[in-house]
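Labels for the chains are A, B, C and D, by order of writing; each one numbers its residues from 1.
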Amino acid sequence: MTKRKVLVTGFEPFGGEALNPSALILEQLAQPEAQSRLHQAGVVLVTQKLPVVRRSAIEQCIVAIEKYLPDMVIMLGQAGGRPAISFEKVAINLDDFRIEDNAGNQPVDEPVVTDGPAAYFTTMPVKAMVQAVNGVGVPAEISYSAGTFVCNHLFYGVMHYLAQFNRNLSRSEQSDLHIRADFVHVPFLPEQTMGDGHKPSLTLTQMTEGICAAIVCAAVTGDDIRSQGGNLH
Amino acid sequence: MTKRKVLVTGFEPFGGEALNPSALILEQLAQPEAQSRLHQAGVVLVTQKLPVVRRSAIEQCIVAIEKYLPDMVIMLGQAGGRPAISFEKVAINLDDFRIEDNAGNQPVDEPVVTDGPAAYFTTMPVKAMVQAVNGVGVPAEISYSAGTFVCNHLFYGVMHYLAQFNRNLSRSEQSDLHIRADFVHVPFLPEQTMGDGHKPSLTLTQMTEGICAAIVCAAVTGDDIRSQGGNLH
Amino acid sequence: MTKRKVLVTGFEPFGGEALNPSALILEQLAQPEAQSRLHQAGVVLVTQKLPVVRRSAIEQCIVAIEKYLPDMVIMLGQAGGRPAISFEKVAINLDDFRIEDNAGNQPVDEPVVTDGPAAYFTTMPVKAMVQAVNGVGVPAEISYSAGTFVCNHLFYGVMHYLAQFNRNLSRSEQSDLHIRADFVHVPFLPEQTMGDGHKPSLTLTQMTEGICAAIVCAAVTGDDIRSQGGNLH
Amino acid sequence: MTKRKVLVTGFEPFGGEALNPSALILEQLAQPEAQSRLHQAGVVLVTQKLPVVRRSAIEQCIVAIEKYLPDMVIMLGQAGGRPAISFEKVAINLDDFRIEDNAGNQPVDEPVVTDGPAAYFTTMPVKAMVQAVNGVGVPAEISYSAGTFVCNHLFYGVMHYLAQFNRNLSRSEQSDLHIRADFVHVPFLPEQTMGDGHKPSLTLTQMTEGICAAIVCAAVTGDDIRSQGGNLH
């Protein structure tokens, strides 16, 4: 069995929340139960917690990529209010922060990368991953917008870095060193939704099982499955 | 410790669904883990599955009440699309079935009980129960409408029966035999929400833990807590 | 053609809003266009603006009822966030104010009327009225909860007063003096929804046309139509 | 006053709907009231109705562009369920049709343009346009995903065509012949939302006033305004 090294990143809390489920998932993935499941699938996991800070989030993620040289990078972030784990299809070259990030940055309509292309599509098989997550009973879907805050910022920055990284590989290195990536938004945890007008949530167990299933799926899937999907608008 | 006998009812599937979480919760409550927790709180549990059928649902529930003579009746039902366990405050004397029940009945604007009062309020401490369920990390809220289908029908029918039952108790029987009741709506399970546009859901574990916490709370709570709540509209 | 006198009430602004669409509708109903339409249908309109204050709202409405002796009372209120004009089916005997009213009252789980019945159903043909409003192209629906704030408070208080008023009529007075009533919630106006995350709204023109259509319908309708409806939960 | 020629396109009905508000807006814009308002602002309006058909929608729009050589192209489409007029920020190179288009096409994860860039940003000042539309009392917002159906398909195809068109202009032609474009999604009309569970809607008058305000704003606005906005996710 081919070993697959997967880098999973998560964020610290932001926006007044006391916790960020994406960081808690990193801790759960390090527990024996998840480790055993990933190990059986030939997956070696490394994790990195990132600050909710423009520029720094990308820089620290790239440091981790260069340190670990993983086969895949799965970046996790919180999307409070969504009902399902959502696999982002596209990163756009736009920073337009509705609130300040954790260092007080609040750019208005600036590019993530000056003169970068307008967008990058994920290089991972998101339809297969959605199917795998739903297959273990955890709600999952594809999203066509990762917003314009630090999540999209990180996603775009990493895709831009990896596009150059992969392009610079020699032909003989392509099969070994090529790195794929996706950004995955997770809902609120139940404890984040108490009070008036409960928003949808998933438990940490559901999120961890879902992300495990997605990693295992991605480790053995090349091209995405062909199944009808998409959004009308 | 005073023993409290609690009758919990659940419904069979309806409306094209393959399962009904309210019936699955009954099975979970019979497992050793839930039993042990309820036992420690002095609660003796009995359960009854009910048909999603006008009249029969009430009749079979009353048979169970007269057989077990419980201290409390908690009727569970499915409210697909709601994000939290919701404790119903009021049952209204109205049958207006948007779809047929499982026996093909579809009454239009008929009373549940001819010449019955317009409504009954629950006789259980719903604010305390919501607080208890939220306290174990499970989303819960109060609802001011149980709809006009079989759930409200059962709720009203049982409250009407219990109003007479309790009124007929002699003074000496009041403290021992008085029976309280509430209807509790639970969301979809995750497996019921797969497909386009995920609706909110809770896991069976969350629902079972939530209902256990509510039962334990109700067993030791007389008057409801005084805390601000309500709906603006 | 039998003349029908209709009392329509509206509320002042509350909850931090600068306006209340229910009060603006009163002004629109007094304009020549609406007056002409109502006149053709044999409707004589009187209006009364009410404070968003516990007790006072009921008292001032009863003063207007006794002054005008209308055939029907249609009480309007704002339900921000709802997408359609909603005709309330039931008023419950419960004050549980999530926010203070405009005089600083914030009762917790108190009855509107001590020892009053749990609820009153509207005495107006709400399904026919919904059909009439939808028939002029304005979104309308039935609601089974008017909340637990001043809107429900007024609705319950007026239904309680009218139940006694109608009961005290002599047989010969019944056909002439009997008074029916309903509470009708209207959505936000567009100008109340600007900012992040637009909530649904209707224009003042839509609301006024809808309320006119409902009044004209009610003026000629005795028993409600029999059509399938209701809520599953 | 500089004359500005604006091409506005709309779609025929699709997805089982009997009408498409985007096509009805074209008719309204041709009425004297809208014409007068646009004329005063120096705007010359031309319109083109398009089929909800892959490829053909783009082709017929390009024919109209080459015929009229407008300063701006505003493409309208229906986004049923959204509460506000939404100005699309980005078009992506992805066709993934959840339903068949009106010619039976249902591509799965195909590019709009083979080897085209992943995305194009709108070249129009969407924040200024949103502010202008809200300023006339009509709900408006920016959207960061136009979906993956014919609306996004047209948007991407036209942006791709215009990118080449504008690049091929000589320096002296740039100020006269440069063409900007955006795609604008409009909500359902009220008559499309009747039945259970009303979705948000705007009236045809609201939509037409909103689109007029957006056109007039765009005619006099070069660079977009700098105001905080964006989506967290």
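Everything that follows uses one rule, which is that contacts are C-beta pairs under 8 Å (C-beta built on N, C-alpha and C of every residue); 3 or more make two chains touch, one makes a residue touch a chain.
Owing to the predicted nature of the structure, the values given are computational and were not obtained by experimental measurement.
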item: Chain at maximum distance from chain B, centres defined as averaged CA atoms; value: D
item: Chain centre separation in whole Å, for chain C relative to chain B (CA means); value: 31
item: Chain A-chain C separation of Cα centroids, rounded to whole Å; value: 50
item: Between chain B and chain A, distance of the C-alpha-averaged centres to the nearest whole Å; value: 40
item: Residues of chain B whose C-beta touches two or more other chains; value: 98
item: Contact graph of the chains (line, ring, star, complete, other); value: ring
item: Chains grouped in pairs wherever the two touch, ordered by label; value: A-B, A-D, B-C, C-D
item: Residue ranges of chain A touching chain D (in the complex, touch as defined); value: 15, 77-80, 82, 89-90, 92, 94-99, 106, 108-109, 117-121, 127, 144-149, 151-152, 185, 224, 226-233
item: Residues of chain A touching chain B in the complex; value: 83-84, 134, 137-139, 141, 190-191, 193-194, 198-201, 203, 205-206
